[in-house]
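Okay, here's the structure, questions in a sec.
The letters A, B, C and D name the chains in turn, as written, and every chain counts its residues from 1.
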Amino acid sequence: MSSLYFLAAAAAKAPKPEDLTPKFWQPGMMWDSIFVLLLFLAIGIMIQRARAGLPIPPIRKLAGLDAIDEAIGRATEMGRPIHFSPGMSGFTAVTYAGLAVLSEVAKKAAQYDTRLLVTNRQALVQPVAQEVVKQAYLEAGRPDAYNPDDVRYLSDAQFSYTTAVLGLYQREKPAANILYGYWMAESLILAEAGSQIGAIQIGANTNTFQIHFFIVTMDYVLIGEEMFAAAAYMSKEPVLTGTVVGQDMFKIAIGLLIVFGTIWATVAGSSKGLVDFLLR
Amino acid sequence: MSAQTGLYIGALLTIMAWSYLYKENPLFRFTEHLYIGLVTAYGVGYTYHNYLVPIITKDIVQQGGYSLIIPAVAGLLIYARYIRGWVWLSRIPMAFWIGYGAGYSLAYTPAVFMKQIFDSFIQLNSINNIIYFLVLVSAIMFFIFTVKKDAGPMKWGHYAGRYSLMVAFGSAFGSITMAYLSLIIGRLSYVLCDALHLIK
Amino acid sequence: MQKELPLIIVFVSGILVMLSKFFNFWRLPELVATLDKWSIVMSTFAMLMGIIELTRLHVNNVRRRRINWYYSIVTLLAIYLYLPVVLIQGPEGPSPKWITTNVSQPIGSAIYAILGFYIVSAAYRSFKARNLEASILLVAAVLLMLGQAPIGEAIWSGFPKISDWILTVPNSAGMRGINIGAYIGIFATSIRVLLGLERSWTGSGS
Amino acid sequence: MPLYEKLLKVDTRIIYVLVLLAMLIPMIKPMGLPIGVSENTRKVYNLIESLPEGSVILVSHDTGPGNAPELNPMLTALARQAFRKNLKIVAMCLFDQANGPQFIQDSIEPVAQEMGKEYGKDWINLGYKMQAQQTLKMMIDDFWKGANNVDWSGKDLSQFPIMANVKSIKKDVAVIFETTVGTPGYADWMTYVAEPTGKPLTGGASLTMYSGVQQYIRSGQLKGFLGGMRGAAEYEKLVGKPGKGSAGMDSQSIGHLIVIGLIIIGNIGYYMQRKAALKK
């Protein structure tokens, strides 16, 4: 219910008519603020519907996520550990998606009694990752199996982290390698090395400059924004699904806006009139 | 130590790190662990000289900004994680950074995002613009997760989207190759030209 | 209280930033400018987190005699011998300058340059035209390479033009499509965070 | 062993040696292949060239040791062009705390000495600044506050005459020159500085992310951009002093031929292997 309260609070902060002097908005911010407000509403409404049990469209199948089960299963069969990393960035949206998936992976690993190794590059993410895994083991009813040493902060430096992970590959030979987050240049090294130890590899990267390394070397790849839908899809929680649906509505709207703008520009000979209106 | 000695050491360390290409070995591990230590120590020293000292001496003492003691204490709360039973206190500074970061992206990114959309309102008066439009729309369709994609335009959009993304990723791969080869060139010219003077 | 306080702080600090950017009342922008400074002061006083975590990790490695524990001693020695030097001489002092130029940078660059070798072997081993998707990726990449290296132009003057076209038309449109999705994804996650729906960072799962 | 297996199983170490030789030979015996100057590079050059004497260029050198061979030559060439036109350079970095400040020093100082420019008067190195978003936002209105009142050595900014004229980005900075390899990088400068203030943002990217900034060049959110070592070489050519960027171009050419050759060999092997498998 807390989110409902917050939504109400956000709504209460919406502009009252008498405040609408020209100086009320920061210059050029009118459409930006309306945009964000609409996004709040779209997501809010979808969460409401999900909570009330009203039908919302299901999220389509994401091959990369279903493969996680397969990967954990194989690691269990082979008696080798799973490696998971929530990526290189600190507390950004991407890391949350990574941690949400980590939570699900940890639950399954606990159920199957398969060792889960988590590596971190960010000192600040480390305690959170530990908590997430601990909690997941607790929920799976295996708090005894949780070993805090298996959630490791390796280094803050990009390549020290990378080489430390390579060392870990060599020593522990994980059978499943899940790299789920924001990755930079290390994506090439990690994915290549992972394929050489013969692990099933699942990757997700929002960094579109580097994702091709995952595409050419990994078994399953979630491209860019698919990762955000993943947390919702895996946990099957109506609230999260609702936010993804709200997000989708927005994407469709933006797509239609682009089509509309293109038609406008083609017919009118220029998009200037429309853009000027929208930039107010 | 002289500049030339430094260059020799740099060249030696480069070769030690590259020994990894043969196989992972103690020399490489030594350089790696040395690097972690040096970088971490330098970082703390840097923050001490460039942030901690000026904040205390100038902002707080000289200019009397005693209100800054509040965030200072809030920052110190992060260490509460090491005290049993006080862990939740360490979430206060984290909550601030997280909320702040989320607020920042919601407040500032829409302007950049809007510009991208406005720039996509193009006239369909040339082959290039038509291709641009089709690729863009199909790429957006690829990232729609709740509409079924087994039939009709969604199916075609989804496939076209996937293939257009592959062109984008292919060009990323192509240019990244040059970027990474540059790194070797940089190191070679350091070892052979600057340090050992083998090539002029 | 212990559970709610962080969530309230998240909500309030995030909403404040947004309101100060969108609206102009109540001296809100000044308030947020103060908070900006506060945020940096907080980070400053939290600066030891990295070094503490690293020390804990490596001390544990040594204490438990984990595999390759002796390299942990190298890291610990590097940290605690170098730290006083930087603290005393300052980041631009002669010893830090010498060490940065002749030790840190060469190692950092050399380790990174391993990528150059890796990409060649990766291109050889993984870069196969397995299906239509991979073939498209391959053709685009090769054309780009030929367009960018001067030798491509020497072979045929058309290569730079083709690579330029790929970069500015299909690549640019595809990247824009991805980014539009990614931006919305980031907005949505930020909203979830502000509303307290994404609280994995508090350690209580998603 | 059938031929295709030979083609598919070239030892990695042979490949490495091949790469090394491909890079080395052109260094010993340069071929001097001509380099055409692209439109994006020309835009950067012209933008800097169009600035009136005494303008301030705010440089953010956001690279780690990894991509420095691509980006350091850009900074050196920029310094040459700027000092020749009597422009001022205020340099800082957001990406790499341990190496960034020293890179700025090494890239600009030799040029400054050669051209008789003085530290603190014609240029300054503010070093690494933490928390990109907050720092940049503060710098827009109060540069000194954002820079925490010190240069990279911790000396107070009031000692440096150049800083007397740089009080805020809004009023005193003409152009932002940003070299970028990741986050923090161009996105932060675009979102938190260029967009709100309308200051022209230019610079260069490592080729790792060059394909991904094209859309921003197209929309004018970036005013031209240099692409990696090639971009640096083109820029050096325009500035009229070939440096490290140009020197690497021949090695690049041979290196690329090797990569393309290996891709072809790998694919021929793969094709033959598939054919043989079908026959069985």
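As a convention for this text, a contact is a pair of C-beta atoms (placed from the backbone, for glycine too) under 8 Å apart; a residue touches a chain by one contact, two chains touch by 3 or more.
Nothing here was measured: the structure is a model prediction, and the numbers come from that model.
Shared contact partners of chain A and chain B, listed by label, are C, D. Taking B-C and B-D together, the chain pair joined by more C-beta contacts is B-C. A straight line joining the Cα centres of chain B and chain C is 2 Å long. One simple way to say how far apart two chains are is to compare their mean CA positions; for chain A and chain C this gives 16 Å. Annotation: 30 Å between the Cα-based centres of chain A and chain D.
Contacts with at least two other chains are made by residues 20-21, 29, 32-33, 35-36, 38-40, 42-43, 46-47, 49-51, 55, 59, 94, 97-98, 100-102, 104-112, 116-118, 120, 133, 136-137, 140, 142-143, 165-166, 168-178, 180-184, 186-187 of chain B.
The set of chain C residues touching two or more other chains comprises 7, 11, 15, 18, 21-22, 37, 39-40, 43-44, 49-50, 52, 54, 68, 90-91, 100-101, 104-105, 107-109, 111-119, 121, 123, 125, 127, 134, 137-138, 141-142, 144-145, 148-149, 167, 171-173, 175-176, 178-181, 186-187, 189-191, 193-194, 201-202.
In chain D, the residues that reach two or more other chains under the touch definition are 16, 19, 64, 66-69, 98-99, 101, 127, 130, 134, 148, 152-154, 207-208, 210-212, 215, 218, 227, 230, 252, 255-256, 259. Chain contacts here are complete: no pair of chains fails to touch. Those residues of chain D that touch chain B in the shared complex are 13, 16, 19-20, 23-24, 27-28, 66-70, 97-99, 101, 127-128, 130, 133-134, 148-150, 152-154, 156, 187, 190-192, 195-196, 206-208, 210-212, 215-216, 218-221, 227-230, 244, 247-248, 251-252, 255-256, 259. Contacts from chain B toward chain D in the complex involve residues 21-22, 38-39, 42-43, 46-47, 49-51, 53-55, 58-59, 100-101, 104, 108-109, 111-112, 115-116, 118-119, 168, 171-172, 174-189, 192-193, 199. The residues of chain A lying in touch with chain D in their complex are 89, 157-159, 182, 184-185, 207-210. By the touch rule above, chain C contacts chain B in their complex via residues 2-3, 5-7, 9-18, 20-22, 35, 37-52, 54, 68, 71-72, 74-80, 82-83, 85-87, 90-91, 96, 98-119, 123, 132-134, 136-145, 147-149, 163, 165-167, 169-181, 183, 186-187, 189-191, 193-194, 201-202.
Contacts from chain D toward chain C in the complex involve residues 10, 12, 15-16, 19, 33-36, 38, 64-69, 98-99, 101-103, 105-106, 127, 130-131, 134-135, 137-138, 141, 145, 148, 152-154, 207, 210-212, 214-215, 218, 227, 230, 249-250, 252-260, 262-263, 265-267, 270-271.
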